[in-house]
Amino acid sequence: MKKLALLLTWCVVAGAQTAPRAAVRAIIQELVLANRILANEGVVDAYGHVSARDDRNPNHYFLARHVAAGLVTAADIIEYDLDTNPVGGARTDGYSERFIHGEIYKARPDVTAIVHFHAPEVIPFGVSNIPLRPVFHMAAFLGEGVPVFEIRNSGGVTDMLIRTPALGHALAETLGDKPAALMRGHGAVVTAAGLHVVVGRAYYMKVNAKLQQDAMLLSGGKVTYLDP
Amino acid sequence: MKKLALLLTWCVVAGAQTAPRAAVRAIIQELVLANRILANEGVVDAYGHVSARDDRNPNHYFLARHVAAGLVTAADIIEYDLDTNPVGGARTDGYSERFIHGEIYKARPDVTAIVHFHAPEVIPFGVSNIPLRPVFHMAAFLGEGVPVFEIRNSGGVTDMLIRTPALGHALAETLGDKPAALMRGHGAVVTAAGLHVVVGRAYYMKVNAKLQQDAMLLSGGKVTYLDP
Amino acid sequence: MKKLALLLTWCVVAGAQTAPRAAVRAIIQELVLANRILANEGVVDAYGHVSARDDRNPNHYFLARHVAAGLVTAADIIEYDLDTNPVGGARTDGYSERFIHGEIYKARPDVTAIVHFHAPEVIPFGVSNIPLRPVFHMAAFLGEGVPVFEIRNSGGVTDMLIRTPALGHALAETLGDKPAALMRGHGAVVTAAGLHVVVGRAYYMKVNAKLQQDAMLLSGGKVTYLDP
Amino acid sequence: MKKLALLLTWCVVAGAQTAPRAAVRAIIQELVLANRILANEGVVDAYGHVSARDDRNPNHYFLARHVAAGLVTAADIIEYDLDTNPVGGARTDGYSERFIHGEIYKARPDVTAIVHFHAPEVIPFGVSNIPLRPVFHMAAFLGEGVPVFEIRNSGGVTDMLIRTPALGHALAETLGDKPAALMRGHGAVVTAAGLHVVVGRAYYMKVNAKLQQDAMLLSGGKVTYLDP
């Protein structure tokens, strides 16, 4: 945790131009930073999002309105309940895939932070029969196995997006008790018990995907993975 | 459309230094932004261009003079008719490949925006017998098929450039009713009914090309593509 | 050496924002610059570190406290003895893997600078049976052979980190008299008789790893390596 | 030529911080810009250089002193004769490989600009038996064939550098009448009749190398190259 805090520190110094007001809660400020870091490191682009469970009320969580992560400010953060109803009243500017977050928080009390992303490095594993496995220590958490969510099984032919609570629930079921899952033809979701940790996991999941592909090509598939 | 608008917003904030005057029409301002975004995202480099059909007169379209996309300002935009004659009188500073745009607008009344680009990721698909196919949801539009334009068939041995209306017409014929086409040994053209959409399509066509190559290498070619 | 000094000069001009005070020793200032260069060139990210042996006392060495290399300032540098005890008294903010440095300095009087890094390019060689070899002249130092450290042999199942003097000693034994070693599932360590040289070696070890992989894929493995 | 001028314009606007004084000749100013562009586009890093034949005296040429290309200013430019003697008197701060330039200018009266670079993309072709060939129109000049210089043939076992007029001459002989040559285990040299053109050629030689590798891997080697 201490090391991952450095990543956050780095972002602040390196110039993420957030202007949190004194009254903004620490968790909101950190969520804004998490958005900026993920954008800065190429984990998310104009799409992809990160949420944090409310540390004072585990039945609520925080997620930005539909805006690119690299632009998120404290004013963009929406508070949701676990059915993904905005606590402050109905609004129309949420991410269409916000149900990913609510349904996972509902199913997984141990999870306090979630990233959904489309980094190009992870997509090939979701569309092939090659499991994503940990190649280096920074991605050791992948050693528990990375299930692949097939939206055809629960949603038939769709636009691939998790647009309903039911699809979010199906994704949470595929995730099970693992830290991360791939979504076929779409991207990935990664969870942790901590916002700092989930940012690091998303970043190193991306890096590990590239490493694994490189190692497999280099060696004809004879790769030594991490022990569980 | 709403999501793609975010991409534009992002570009403005992230620092595209355009200085549109009050009198400049919105479509021109957006075309300038589209140029900057495409350069910023590596879809175009010193070469490559984007055009928009005039939203008040479908027989005209807008395209920059021959300048790198990352430098385009409102003052660089030229208005053309569908035969690619400059509306304001003859000039010699148009892109040599401007006929790509006019001939596609003429053949495709549904198209209101076009990008021509050479991003390295797409070139390998134009020079091999591997069809470009959608690997993830952001590139679903490729599911209609991506024809490959072979300039030798209509132009013989050339410098590969679409320097005449006839070559532009031949390219439009290869494109047919599809949203995108590859140009063998040269690049690609992508179309949409909207400037915001075409910018996103060009970007994700580039990303998908990389993804497809990675997924094919990883899996020995056993890739699950999107359903049509 | 002169050429590598240019690399340092470049970093200063390109904007590494260090503010060394007049009283800071030259070796500390150069160590700060080395940290910034390595971060700037992608050799290290939030993790990875570089040390320098004290040029006035070969039984001491300098290494930053646990902070991302891109953020290191002179105030972050800790002086250690070769058993990796902080000279200024006990503290808890050292890198957990600081023993890499002390144990190698102890075993290798010829070494005056060390980099430990996780650049993605080198990892695939540590987890496959493909030796890392010099493909181009900038990485000629790899021609002496690059041993691979297997932590299971000395530490059993661990979190892969060099958290003890004993593990540091085992790594130094694997390194032997070579300039560089890979660490399976983790990263690499590279040494030199000079801080300027070790920065260049870390950078070109990363570049060479990418080159070798590309050359092997391109040619089906028939690569002409440098002569020893 | 006009299009390549745009590339230069772009560099100026995008922020190359050159401060040419009024008295500096245009060719020197352009050579400074060429250095900055090549560094900015990743064609050269801390190493690699570009020269220009004197447009007033074809028996002289201009090349920076040994400084990273991204830092070159007008004050760094040295004037050499074709035997690579500094015109202003002996000095010790030239690039060690300056003989590449003098010997090629001597052998090739048609050449007025030369780039020597180590971009990682081109190295794999120099160390394998795969010829570099033009995949897209921007690299059509490669269609004349790209010979590979083997320094062992003329220099035996060396540090790979072109440190003498004799090695420079041997390289010029391998180059023959072609625009570009690879140097095994080292890099490449590319020439043109114009500084603007040679900058574009170096950049697109790098891009084409990546494209060709990608296309070969994608298609199992069945690539359609440009016609000569």
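Here the chain labels run A, B, C and D in written order, and each chain numbers its own residues starting at 1.
Keep in mind that, in the parts below, a residue touches a chain if its C-beta (ideal position, glycine included) is under 8 Å from a C-beta of that chain, and two chains touch if they have at least 3 such contacts.
Everything numeric here is computed off the predicted structure, so don't read it as measured data.
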- Query: Going by the stated contact rule, which chains contact chain A and chain D alike?
  - Reply: B, C
- Item | Third chains touching both chain D and chain C | none
- Task: Compare the CA centroid of chain A with every other chain's and tell me the farthest one.
- Result: D
- Query: How far is the middle of chain A from the middle of chain C, if each middle is the mean of its Cα atoms, in Å?
  - Reply: 32
- Query: Between chain B and chain C, what is the separation of their C-alpha centroids in Å?
  - Reply: 45
- What positions in chain A touch 2 or more of the other chains? 217
- Task: Answer with line, ring, star, complete or other to describe the graph linking chains that touch.
- Result: ring
- Complete list of chain pairs which touch one another: A-B, A-C, B-D, C-D
- Contacting residues of chain A [partner chain B, same complex]: 46-47, 66-68, 70-71, 118, 120-121, 123-125, 127-130, 152, 157, 159-161, 184-187, 213, 216-217
- Listed in rising order, chain B residues that touch chain A in their complex are 2-3, 6-7, 9-10, 13-14, 134-138, 140, 207, 210-211, 214-215, 217-219, 222-227
